[in-house]
Amino acid sequence: MPGTVKKVCAVVGIGPGNGAALARRFAADGYAVALLSRSDGASAALAQELPGAKAFRCDVGDAASVAAAFAAVRESLGDVDVVAYNAGSGIFGGLHDVTAADFEAAWRVNALGLFLVAKEVVPAMSAKGSGAIVVIGATASVRGTARSTAFASAKGAQRLLCQSLARQFGPEGIHVALIVLDGIVDLPKTRQRLPDKPDDFFVKPAAVAEVAAALVQQDRSAWTFEADVRPFGEKW
Amino acid sequence: MPGTVKKVCAVVGIGPGNGAALARRFAADGYAVALLSRSDGASAALAQELPGAKAFRCDVGDAASVAAAFAAVRESLGDVDVVAYNAGSGIFGGLHDVTAADFEAAWRVNALGLFLVAKEVVPAMSAKGSGAIVVIGATASVRGTARSTAFASAKGAQRLLCQSLARQFGPEGIHVALIVLDGIVDLPKTRQRLPDKPDDFFVKPAAVAEVAAALVQQDRSAWTFEADVRPFGEKW
Amino acid sequence: MPGTVKKVCAVVGIGPGNGAALARRFAADGYAVALLSRSDGASAALAQELPGAKAFRCDVGDAASVAAAFAAVRESLGDVDVVAYNAGSGIFGGLHDVTAADFEAAWRVNALGLFLVAKEVVPAMSAKGSGAIVVIGATASVRGTARSTAFASAKGAQRLLCQSLARQFGPEGIHVALIVLDGIVDLPKTRQRLPDKPDDFFVKPAAVAEVAAALVQQDRSAWTFEADVRPFGEKW
Amino acid sequence: MPGTVKKVCAVVGIGPGNGAALARRFAADGYAVALLSRSDGASAALAQELPGAKAFRCDVGDAASVAAAFAAVRESLGDVDVVAYNAGSGIFGGLHDVTAADFEAAWRVNALGLFLVAKEVVPAMSAKGSGAIVVIGATASVRGTARSTAFASAKGAQRLLCQSLARQFGPEGIHVALIVLDGIVDLPKTRQRLPDKPDDFFVKPAAVAEVAAALVQQDRSAWTFEADVRPFGEKW
């Protein structure tokens, strides 16, 4: 166990959007950041950029991979104080467009992965009597639509898992919170797909990270479980 | 394809409670009832009792089993007009009590199974422009608690899948509905576990089946997606 | 007190749509129907048409009027067994379009009126240990939009009043239920306003009345509090 | 119109708990704080304590009083940039305990008052293209119980009014948000009523004010409409 005095934040699911913004934000807030992602691309570059950050390979839908990644995190950075769970692919399509394999894959990344990660981090948090798990949800967390057969089901599974965890571990000092993100994140690929939308249309990843950081900083006499987040002009 | 003139109702998940009651009710309403369950026990006896009913082995969490069972249903009874989806085991316990295998098993029975069944029955319903899928949910469909880590996540996955299906296929004349059952079903085993509770404490399976039948009979100008159901004395 | 053996249903809010359909349906189900409305027009004609029905003037937003109307109902028909609460004007518009008087008027009809009616009918229902109050809500019961400043606030007030009543009086055998009507009711005036919509677009009042009647008939081991209702093709 | 450069925050509903904490917090954040309350007691003392703060008499349930108070605020401090709406009495009791006058009074303070205040402050906010209205709700905002006949109905009216305002004015740059406070606020009177509860049981007003301040500071690409707040040990 290293002699680090920094608190540790594990950001699970690193991409160019929310994952990177969460990592930057928690690094700026003084955390040693563990960057967990399936591939090395984005997280290796981030690990270079952020002092004290380290990248770890992790396929959240695979129990052995999660166990190995968190063992490595503990070994090199120490016990995890904060998890920002950002893993969550969006497979869109109706019943006929989605295979059983797609349906399962969505659930693995969004729900099973969170379950496995919670198994890894909760014991040390309970022992300390503090910790936080902030999960990035989506409108699909609370609403199934004709085109979100797999995604909404997976996000619905994730949301009620979050509620169960929040109710079970709140009294032990662990803050579990869900951000229900209602809007399109500002990313190179979403800009390309929606070239006519103004800047104001998009959710800025740094703003999402700010919401996550504010949740982690809440006094424990006033914890939020669920907060929706959307751009000011969003129709909802 | 048989020359039957009876409409076909597939009851998925046969036990001594809601499954049997749903089968009896739809048989009484004139349906040829397909009894799908993992084991033969309860469904074989019911198949004897109910005229025109037939039992089929089906493990709803297994794609091949679902495909085989519904092929057999179509072969012997014809296309399915109504599904009453009652499969749904209740694995209770907090994060530390539930294994990843338990967590997955709950999802397979409650969510993946419904997805696979929908894949089987929706095409013929769409072709006819009518059909119904009524799903038996639970309080855990809308609320995760400290002791429902696996069950609530699975039921949450099921609920938003139902919503997606309802929104996608309503316009094609397929009525997808969810009954959110808030209470303890009257069964030999629940009576044994709660010997001091009065009759009034329990949900009667025949009354749940009545709610399901009423949903199926709704005029398509006034369809209910979600209806909660609880005993009159239930604290909620 | 008359020697009537018929059960009594008070339909509050009589118009050409749901009010008339509820009255017809409960009359067909064998109830002596009290038709309560602010003006005499529709209810006088209905009282002629339906055997055993009687019209009563009632301004639900006015305590004295409600007290007088229900005293008259009790005097001529007996204690009320079922209330179908259909009063509820729809004042639409944003903040700048709606006056404080509009805002208050919407609340009086939708929320205060239900409170006053409950005060009148609950004591006899409690004494009998049975009774039902079915309330016709709207999408605005669960969702405020830019154009429903007054209406959604009034319907939100009504919905949580319904919940309070359901929780308080369920254990006494009184079934309080809310129908969340999501769609445009089929009426001469809505047809005129939307001449291009097909028949399928509209909610048929008789179908809404059927849902209300089914709620009233539910076995008390399986009561629904809230049921949404919409035409099969409705986008939601 | 004064030459003030400070932004103006109107705290509506000043008591020893959340109202005072909101005032202190927004004063600390650099706002000129207008303290609006029915009686002078708490707000006069606060106005002394907080630099730039001023007390105003306002009965939020009375249109003329609201108009006069906000005219005075504008006259002495300038246009309002932020409203923290904390007015909201809690009349508890079941249907038989609550009079029609109680039922109306609860609605006036919680719902009509917010409507009247919005009428006063929105035009200037729209003109600037920015502003915030943060409302202090309660569990009763989303749930009616046997003992909250009047309070839940009033809070339900308030919540859907908030939603309507949020949807209408978000696109104009006005952030309307609702804090759903689930817990007992730490006050002399609640401590006296619950002498055996530990410190941890109570919601700290300063922590609620922190949540409100964080909402006001959110980047407009990531606005929260609704955030629940409860002490970490709260059973929910």
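The chains carry the letters A, B, C and D, assigned in the order they are written, with residues numbered from 1 in each.
By definition in this document, a contact is a pair of C-beta atoms (placed from the backbone, for glycine too) under 8 Å apart; a residue touches a chain by one contact, two chains touch by 3 or more.
All figures in this text were calculated on a predicted structure; none of them were measured in a lab.
Chemist: Which chains sit in contact with both members of the pair chain A and chain D?
Modeler: none
Chemist: Please indicate which chain is farthest from chain C, where distance is taken between mean Cα coordinates of the chains.
Modeler: Checked the centroid distances; the maximum from chain C is A.
Chemist: Could you tell me the distance, in whole angstrom, between the mean C-alpha positions of chain B and chain D?
Modeler: Distance between chain centres, rounded to whole Å: 45 Å.
Chemist: Roughly how far is chain C from chain D, centre to centre by C-alpha average, rounded to an integer in Å?
Modeler: The answer is 33 Å.
Chemist: In chain D, what residues contact two or more other chains?
Modeler: In chain D, residues 167 touch at least two other chains, as defined above.
Chemist: Where do chains touch, given as pairs?
Modeler: After working through each pair, the chains in contact turn out to be A-B, A-D, B-C, C-D.
Chemist: Considering only the defined contacts, which chain C positions touch chain B in the complex?
Modeler: Chain C residues touching chain B: 167, 170-171, 173, 175, 183, 186, 200, 202-204, 206-208, 210-211, 214, 218-236.
Chemist: For the complex, which residues does chain D have touching chain C?
Modeler: 63, 94-96, 100, 103-104, 107, 111-112, 115-116, 118-119, 122, 140, 143-149, 152-169
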